[in-house]
Amino acid sequence: MKRGKGRNRKGWLANAALCAAALTVIGALVVLPLGVILAEAFSGGWRLWAASVAEPEARGAILLTLAVTALAVPLNTVFGVAAAWALAKFRFRGRSLLLTLVDLPFAVSPVIAGLIFVLVFGRSGWFGGWLAERGLKVIFGTPGIVLATLFVTFPFVARELIPLMSEQGSEEEQAALSLGASGWKTFFKVTLPNIKWGLLYGIILCNARAMGEFGAVSVVSGHIRGETLTLPLHVEVLYNEYNFTAAFACASLLAGLAVVTIILKTVVELKGARDAA
Amino acid sequence: MNRLKFKQNSVLPGFGLSLGFTVFYLSLIVLVPLSALILRSAEGGLEGFWRTVSQPRVLASFRVTFASALQAALLNVVFGVTVAWFLVRGRFPLKRLVDALVDLPFAMPTAVSGIALTALLAPNSALGLALARLGVQVAFTPHGITVAMIFIGLPFVIRSVQPALADLSAELEEAASSLGATRAQTLWRVVLPLLAPSILSGFTLAFARALGEYGSVVFIAGNMPMRTEIASLLIITKLEQFDYTGATAIAVALLALSLLGILAINLIQARAARHWGN
Amino acid sequence: MSISIRQVSKTFGAFRALDGVNLEVPSGGLTALLGPSGSGKTTLLRIVAGLESVDEGTSGEILFDGQPVTDNPVNRRQVGFVFQHYALFRHMTVFENVAFGLRVKPRAQRPSQAEIRERVQELLRLVQLEQLAQRFPSQLSGGQRQRIALARALAIQPRVLLLDEPFGALDAQVRAELRRWLRHLHDTIHVTSIFVTHDQEEALEVADRVVVMNRGRIEQVGEPNEVFQNPATEFVMKFLGDVNVFHGRLHNAEPVFTGEPAAGDAVRLLVRPHDLTVQMQPGDGVSLQARVYRVLLAGSLVKIELTSQGRVVQVHVPHETYRATPVVAGQEVYLVPKVSRLYGAEAEAIEYVI
């Protein structure tokens, strides 16, 4: 398109102003905090960083976080696939209610999410007495952390898959069945390959939240050192003890996780878009 | 058979299995625990509930939480629309990178964001000192709470507005100009009405997220009762004192208020949609 | 393999898609289910395939060669189904799409890798797309996708082949070509086939038997020639081609088509454009006054547009006939039907317009 010189210059200025404004917002709100974490984490040199990350309590927190994630993510993934199959491929009474209920955990604040498990399994909770008699500990123990994590990461996979599978319809599945495939074969050979990028996307988000959850886990954990501290809780404890360098060293691991998450997310988005085209 | 009425028949298998598992798992993880909240709050009776939530400290925490969340969501509309506009219309070599960075507040564990923002804005930090010279203190004041809520809410507005803006055909704006509209008129009368629903839903998401936010706020807030103590923190404080009834009452009130807030915004959105005919 | 459809009904909510349909499809034929949208033709095809079930609590049945298959689920009915939008597996190559039905067979019946390869190659040769084996569906044209969908359906050696609007999503030229090709293919493989279409020309040209459907019921079954020449109902007559409708009344058991209102039952006279002759004088039987509006000479037939009773009438005549009695716009003439059909009040009103 041919444009006048004045117009061109005005367009250039507008674009420059827009870029400046947007980059200021992103720079101040996103890049600066990320930079602070790295600066603080390595303020004592990388040896100190390594020592803070490798000391036994930090290692314990990392292991607990990994264990909780290893339980929560697969469970919510299976749930997400089952829920998406029922909700996207079938029409039945109560479907829209169920759709709302699946999203419900996103509307509940993390602290309340922790609280409800205390009310059920805590000392004076519904099953508190029963559990105490048998010497079982849910609240202030790993099971409580897993439950709270399951709750806050509950909708991630389902909410990614439901719109995707609704949009894809069920013609390919019908074709597979008409060619003699069983239900499971249809699912594994036709449905799963078609939703793989959406599924992966949901799992990545679910994983990031599971590893990073703070509020809900904080309520049920009891902050027992070396026992019920996940990595984010460990960061909190160190920070509150004014052990800033160690706190930021551990925080930098979680920040790294966040960066890896958005990289993977971008890659998966690109792959998914390419497959859809 | 009854089943036929319940579900439109389909040849695809696995309905019973997938629905059964979905309902079972949903009940186990979400519905039963949430019902505990409702049932336990009823135990104290309406009077007990009212006694808890009408305490000045509790009321103050609600005021702080809602005011900061509202401020943050409003500012996020300005920031979010700017960034979304840049991502869709701007010309910049590293746009892809900026686009990816937008999700960082969402992917970042909240505790990490909390300590990062605190370190950035603490009175003894470079930025904190510079702001102090201007007479502004952010960390450990209500401003700090707002900043943290802006941080965590920003991606919601951007990701709501961005696709709507991308769908906006340039032809519409060209049509408006060809009919003699100035740039400002085009923006105000054509572009804004079309973006309004997505802006409002981004606002709602950011607002709702800010109301319940805990991790990124609690470090920077200072947590002074009556002044910078948010409702979520007060729930934890009550729990640590083993005041389950109090914690439950505050939680129910917070949940109810935020649902009411979201409902009100949805009503505005429905009315706006009717008004603008989309 | 013959197919028997007995008393099949299907309701979707309050909508009655099929209303007690009975139909015999002889072995080896190519049958068209023809009707407007909403006539129930696709639903019937899907019920034969097992992709929909008959209404519960009714005695509806589907039989293949006299054996009931109503309770066989679709994956055990061994039918080849070609979907309107092909439903090719987008993540598989053409080769893998065609091989799918062989690969998912239970281990005991599954052919070896070599046999699968050979069978797929053979099918790709049959649909003349061997060179595209390694492509993905997104890289194919509409017509190619349709042929792959057909090859995939044939791979399982289906007892019957069912095609839902096989040419619906294609443009006119590919459509015509693929039509001839499908007819030719059917003559080579002889598998009992049913296809659904809303295009009467397609049904009449491709099928050996045409089943005309309307509002969940069968209006007429017959060879293309028979349903075209001898439409059983007013609906079939209107649906199978262009028709001129003249409104009149019965007077002493004679239909009267003059403009003034006469007593007697209302009747409609249906005449195809090529069954009308244009004369300067009224004939012995029914003659209808008309005024020439326009004459179109371009084309294989001369198309004369006239107005009669305030409506537009189309007449198609060969060029030599026109040269013998030429007419010009504005001229008053008489229309005499060679072949026509009269329908009275009992024929149900049809929304289908000419």
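Each chain gets a letter, A, B and C, in the order it is written, and its residues are counted from 1.
In the analysis below, a residue touches a chain if its C-beta (ideal position, glycine included) is under 8 Å from a C-beta of that chain, and two chains touch if they have at least 3 such contacts.
Only a predicted model underlies this, so the values are computations on that prediction, with no experimental measurement involved.
S.K.: What topology does the chain touch graph have (line, ring, star, complete, other)?
M.R.: Graph shape, chains as nodes and touching pairs as edges: complete.
S.K.: Could you tell me which pair, B-C or A-C, is linked by more C-beta pairs in contact?
M.R.: Contact tally favours A-C.
S.K.: I'd like to verify one number: the distance from the centre of chain A to the centre of chain B, where each centre is the average of its C-alpha atoms, in whole angstrom.
M.R.: Chain centres of chain A and chain B, defined by C-alpha means, are spaced 16 Å apart.
S.K.: Chain A to chain C: how many Å between their CA centres?
M.R.: The computed centroid separation for chain A versus chain C comes out at 54 Å.
S.K.: Taking each chain's centre as its mean C-alpha position, how far apart are chain B and chain C in Å?
M.R.: Those two chain centres are 56 Å apart.
S.K.: Where does chain B touch two or more other chains at once, residue-wise?
M.R.: Where chain B meets two or more other chains at a single residue, that happens at 8, 11.
S.K.: Among the residues of chain C, pick out those that touch two or more other chains and give their numbers.
M.R.: Where chain C meets two or more other chains at a single residue, that happens at 50-51, 73-74.
S.K.: What are the residues of chain A that contact at least two other chains?
M.R.: Counting only residues that touch two or more other chains, chain A contributes 174, 177.
S.K.: Under the touch definition given earlier, write down the residues of chain A that touch chain B in their complex.
M.R.: Listed in rising order, the residues are 15, 18-19, 21-23, 25-26, 29-34, 36-37, 40, 75, 78-79, 82-83, 85-87, 89-93, 98, 101-102, 104-105, 107-112, 115-120, 122-126, 147, 150-151, 154, 170, 173-174, 177, 183, 186-187, 205, 208, 211-215, 218-219, 232-233, 235-236, 239, 244, 247-248, 251, 254-255, 257-259, 261-263, 265-266.
S.K.: Chain C touches which residues of chain B in the complex?
M.R.: 1, 4, 8-9, 11
S.K.: If we count contacts the way the header does, which residues on chain C are in touch with chain B in the complex?
M.R.: Its residues touching chain B are 12, 50-53, 56-57, 73-74.
S.K.: In the complex of these two chains, what residues of chain A are touching chain C?
M.R.: So the residues of chain A touching chain C come out as 171-172, 174-182, 185, 189-190, 193-194, 275, 277.
S.K.: Over in the complex, which chain C residues touch chain A? Could you list them?
M.R.: Of all residues in chain C, those touching chain A are 49-51, 73-81, 83, 85, 87-92, 100-101, 104-105, 138, 152-153, 155-156.
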